[in-house]
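Lettered A, B and C in written order, each chain numbered from 1.
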Amino acid sequence: MNKLRLGFFKYSCCMGCSYFFAYVHKHVPEVLASFDFVFIKLLSSKGTPEGPFDIALVEGAITEAWQVDELKMIREQSKKLFAIGSCAVIGGIPAIKATTPELDVEKRVYKNLSSIHSIKPHAVDAYVKVDGYIRGCPPAERDLYEALTSVLTGRKPDFPQYSICIECKLKGNICVLIADNMPCMGPVTNAGCGALCPSMNRACYSCFGPMKQANSPALAKKFKAMGISRDDIIRKFTEFGADTIEFRKAVEMVYED
Amino acid sequence: MKNPLKPIKAIIKGIRPEAEGVKTYTLSTEFPFVAEPGQFNMIGYPGVGEAPISLSAIMQVGDSTLRDGSFKHTIKSVGRVTDFLKDFKKGDELFFRGPYGRGWPVKKAEKKDVLIVAGGVGLAPLRPVIQIVLNQRESFGDVSLIYGARNEKNMLFMNEFKIWEKDISLYITVDEVSDVSKSPHPPFTKGGQGGITKEWSGGINVGLVTDLLDRVKIQPERTIAFVCGPEIMMRFVCRGLIMHGMLQSSLYVSLERRMKCGIAQCGHCQHSGLFVCKDGPVFSYKEVRGLPDGAL
Amino acid sequence: MTGERTFQKFKRLIPKKAFLLWLDSLRKDYKLIGPVKTGNHAVFKEVDSSEELFMEYGTTMLSPGKLFLYKPNEELFRFAMSGKITIDEIAPIAEKQIIIGVHPCDVNAILYLDRTFLGTFRDPHYEARRKNTLIISLNCTRVSENCFCSSVGAGPFLHAASGYDMLLTDFESEYLVEIKSRKAEELFGLEGRSAGRDEMRLKAEKEKSMKSKFKKAINVSGLDNIFAENMDHPIWQQTAEDKCLSCANCVMVCPTCFCYDLRDEMSMDLKTVTRYRCFDACQDIMFAEVHGGNFRQRRAARLRQFVTHKLDQTNQYGVFGTVGCGRCITWCPTGIDLTEITREIQKFKS
C-alpha cells in the first residue's frame, strides 16, 4: 500500500502535539508504517509545506496574520484537515489573552511594537473547515488513532461529544466535585482524556475545552456557592476556553455579578 | 448462546444508483432472508458502526419477488455508516443483523383502499408494500401512491413507475424543479394553485405532498393509509387525512430514530416508554400523535 | 431466578459473626463482593475477607447491579480485518460471585435491568453473570438524605418475591436470614434459631420505624398523566437553564438506567476492530440525533426524558423507572431533585 502523505503544521503553541505525535504515543511504528511524514518541523527542517496532503494535522492557535494565509493554503491542498491539541481546537493557552485588548497584551511583552503583528487568538476552525478535532493537552491518544484510521479506511471519524463525567463514572471514580468539594470542570468539559485528573483525585481543569452546548454559567454558580473566589472562577473558565462561546458565557455572568 | 448483537455477513450482489446520493444494494447471505414489509436491519461494517436501514425489497412469505432469499436496502449516504457504504462495489462484504421491528399492517389493508404517501427516501420502506399490492392486486381496493421529493433528482424508483402505474394510481410531485431543460420526464404541471394534477406517465406536479391529498379520491371509512417521510411531512399528511375524515387508527407512519441495538436495549430510540425499534418503527398515528420531542 | 423448583423458604436467626464466617467459607468457590468503606464513602468491590465489609453503609455512588452484572464497559466482538473478515464473539465470562449487602432499592433495580436484558432478546453476558451471581440483600438500617424508596415501594425493606437469593435483616447481634432461592437453600448450611411469628413482628416494627425516618417523598399517584399533560411546563426550561449541566451524572449513577452505546475501535495497524458496549446517557447531545435532526436538541428535552423515564412511562415495563435510591439527587453537581420537579408540576396541576 502506498503511504499517505501527512503534513504536521505548527502555529502558536508549545509544539507539544508534534512531540506527542512523533515520539510519545503508543503506536508510533504503526503510524510511521502508514504515513509518509512529508512535512513536520519537529523532525526535519527540510520538507515543504506545499502539498498535496492526504492528511494535515494542525497544532496551535492562530495569532498572526501570516498564519491565516498559510492555513488557508494548507486547507486547499489537504484532503482531510484535523485540528490537534487544545490550542488548535479551542484556542487553548494562547487564547488566555483573548479577554484582554490586543494592544495591552503587546505592550506588556514587547518594548518596540513596530514589528509585532499579532491578532486576536482563535482556533483553527475560525478560518478553515475542519474535518475533526483531536482534543486535549496533550491530545487524546484514542482520538488521534480515530482520526488517522478514519483517513486510512475512508470513513468519517467519530469523536466523543459528551462530558468528562461519563468517562469518570465508567471508571468508577468517586465524584471529586460532590464528595470532596473540589471545583471540578468535568461536567462542562468534553470527554476524551478518560477522566485523567479525577482518577488521580484532582479536579478537572478543562484542558479538553467545553463540550458542545455546555451550560457553564450553571457550573460557575455552583463554584460560587462552594466559596470559590470570583477571580478563581474566571481563571477556571479562561485557562483553555477563553475564546469559546460556552465558557465566555460563564465569564460574562461572573463579571456581571 | 448466540449474542443477538452479533452481525451476519452479507455479500453485495448488485448495486443500482437510484437517485442523487442514493443506491440500492442487493444483498444475500448464507440463508434465505425473510422479513415483513416495513421492518429494518442494522447495517454495518467493522470500525464504522451500525445504522438502522429499512428493507426496500424482501422475499415475503408466500411471495416470489426475490426467490433466492436475497434482500435490498435503498440507502442515502448521509451518516457515518451510510457515507462509508457509498464506495462499496459488487462482491464486497458488509454486515447486517435483523430483521427487527413491527412492519406495515398489510393484512389489515386487504379488501380496503390503500393510500400510500411517501416523501424522499421514505418511499424505500414502502416499496415492499407496493410489491405485495402488485402481486396480489385483487386483494385490495383502490390503491394510490402519492410521492414527493425535493426534485426529480432525489426521486427513487422512477424506472419502476411505469410498471406500478398499471395497477395503482401514481401522483408524483416535486418541491422544486431542479432543471427543466434536462429533465427526462416532462412536462411539469403546476399542482399547487389550481393547476391540473397529472397522474403519472411522465407528469410531475410541483408542490407539497399535502397539496395532492385533495386530489385523490378518499373514502375515509374504507381506506387505510401508510405514510413515510420526514416527520414533519408525516405530521401534515396525517392531519390532512384526518380532515378528510380518516380515523387516526387507520393511519400508519414509520418513524426514524437513532438506534444502536435494534432490540429494545440501548435506549436511543425511546419515546415516552415506547421503543421505536421494537414497538415500531411502524405505528398507528393514534399511538404516536403528540409524542414528546417528536414532530408528529 | 424464576421458574425454579420449590424449595424451603426457611427463616433463621444467625449470629452476625457466624454468618460472616459462613460467607468466608464460600470464598473458595465464589468471588465475594460487598460494600467497603473508602474515605467517607462506601463502594461495592471485591473483598478478600468478610472483615472488610461495611454492612452499615448508607448508600453507594454506583449500584452493584451496574458494576457486576451490567458492566460499564464490555467487549462483545473482535473482527479480524485482514483478507476475509472474521468475527470472533467474545464468550461471556461466568465467574461465580456473591454480592452481599445489596439494599432493597438496588435489588429492585437489578430486577428492572432483568426486564431489559432478559426480555425478548437476551444478553448472553448479562445472563451468564446473573445466573452465576448470588444476591444477598440487606434491609436498610439507615435512611440517607435523598432516599425516597418508601414512596415508590422499593424499600427500605425488600418485598420482591423472587429474583434474588437471600434477605438479611439486622437484628442487633444477629441477622434474620430469609432464604429466597433454591441455590441459597442448598448453600446455606448454618443451623440457627428458626424465626417465628415474634421475630416477623419485630421485623415489621423495624420496617415501620424505618419508614418514619424518610425526609424525601414523592406522590406517585397519577404521575403518568400529570407528566404527559405538562410536557411544556416551565419547570423544564427553567431547570435546564439554571441548573442542568447535561453532564449525565444522574444517568451514570442511576441503578436502572440501561442505555448503552456500541462503539468500534480500530487498531492503528488496521488489522483488528473491537466492538464494545458501554453505558450511554440520554443527556448526551448526540443521543437522539439522526440525519437532518435531533429529537432532543434542547437541554430541557433531555432533562425531561430522564425524569419522565424514571417517573412516568410505566407503559414500558409496567413499573416505575425509579427505585427511589436518590443517587441522581445526591450526585447531581447542581442538586437537581426530581422529587422537587414532580412537586412543582403537581402543584401546577392542582
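Just so it is clear, contacts are C-beta pairs under 8 Å (C-beta built on N, C-alpha and C of every residue); 3 or more make two chains touch, one makes a residue touch a chain.
All values reported here derive from a predicted model rather than from experimental measurement.
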| item | value |
| --- | --- |
| Relative to chain A, chain with the most remote C-alpha centre | B |
| Contact-richer chain pair [A-B vs B-C] | B-C |
| Distance from the mean Cα position of chain C to that of chain A, given in whole angstrom | 37 |
| Separation of mean Cα positions, chain B and chain A [Å, integer] | 43 |
| Chain B and chain C: spacing of chain centres that average the CA atoms, whole Å | 40 |
| Sequence positions of chain A contacting 2 or more other chains | 149, 153, 158 |
| For chain B, residues contacting two or more additional chains | 47-49, 79 |
| Junction residues of chain C - those touching two or more other chains | 263, 265-266, 286 |
| In the complex with chain C, residue positions of chain A that touch it | 26-27, 30-31, 33-34, 142, 145-146, 148-149, 152-153, 158, 161-163, 165-166, 169-172, 174-175, 177-179, 186-188, 211-215, 218-219, 221-222 |
| For the chain C and chain B complex, residues of the former touching the latter | 76-77, 79, 81, 84-85, 87, 89, 92, 116-117, 119-125, 127-128, 228, 231, 257-266, 273, 275, 277, 280, 282, 286-293, 295-296, 301, 304-305, 308-309, 312-316 |
| Touch list for chain B against partner chain C, complex | 1-7, 9, 46-50, 78-79, 82, 93, 230-231, 256-258, 260-261, 263-268, 270-275, 278, 292-294 |
| Residues on chain A engaged by chain B in the complex (per definition of touch) | 149, 153-156, 158 |
| Residues of chain B defined as touching chain A within the complex | 47-49, 79-80, 83-84, 87 |
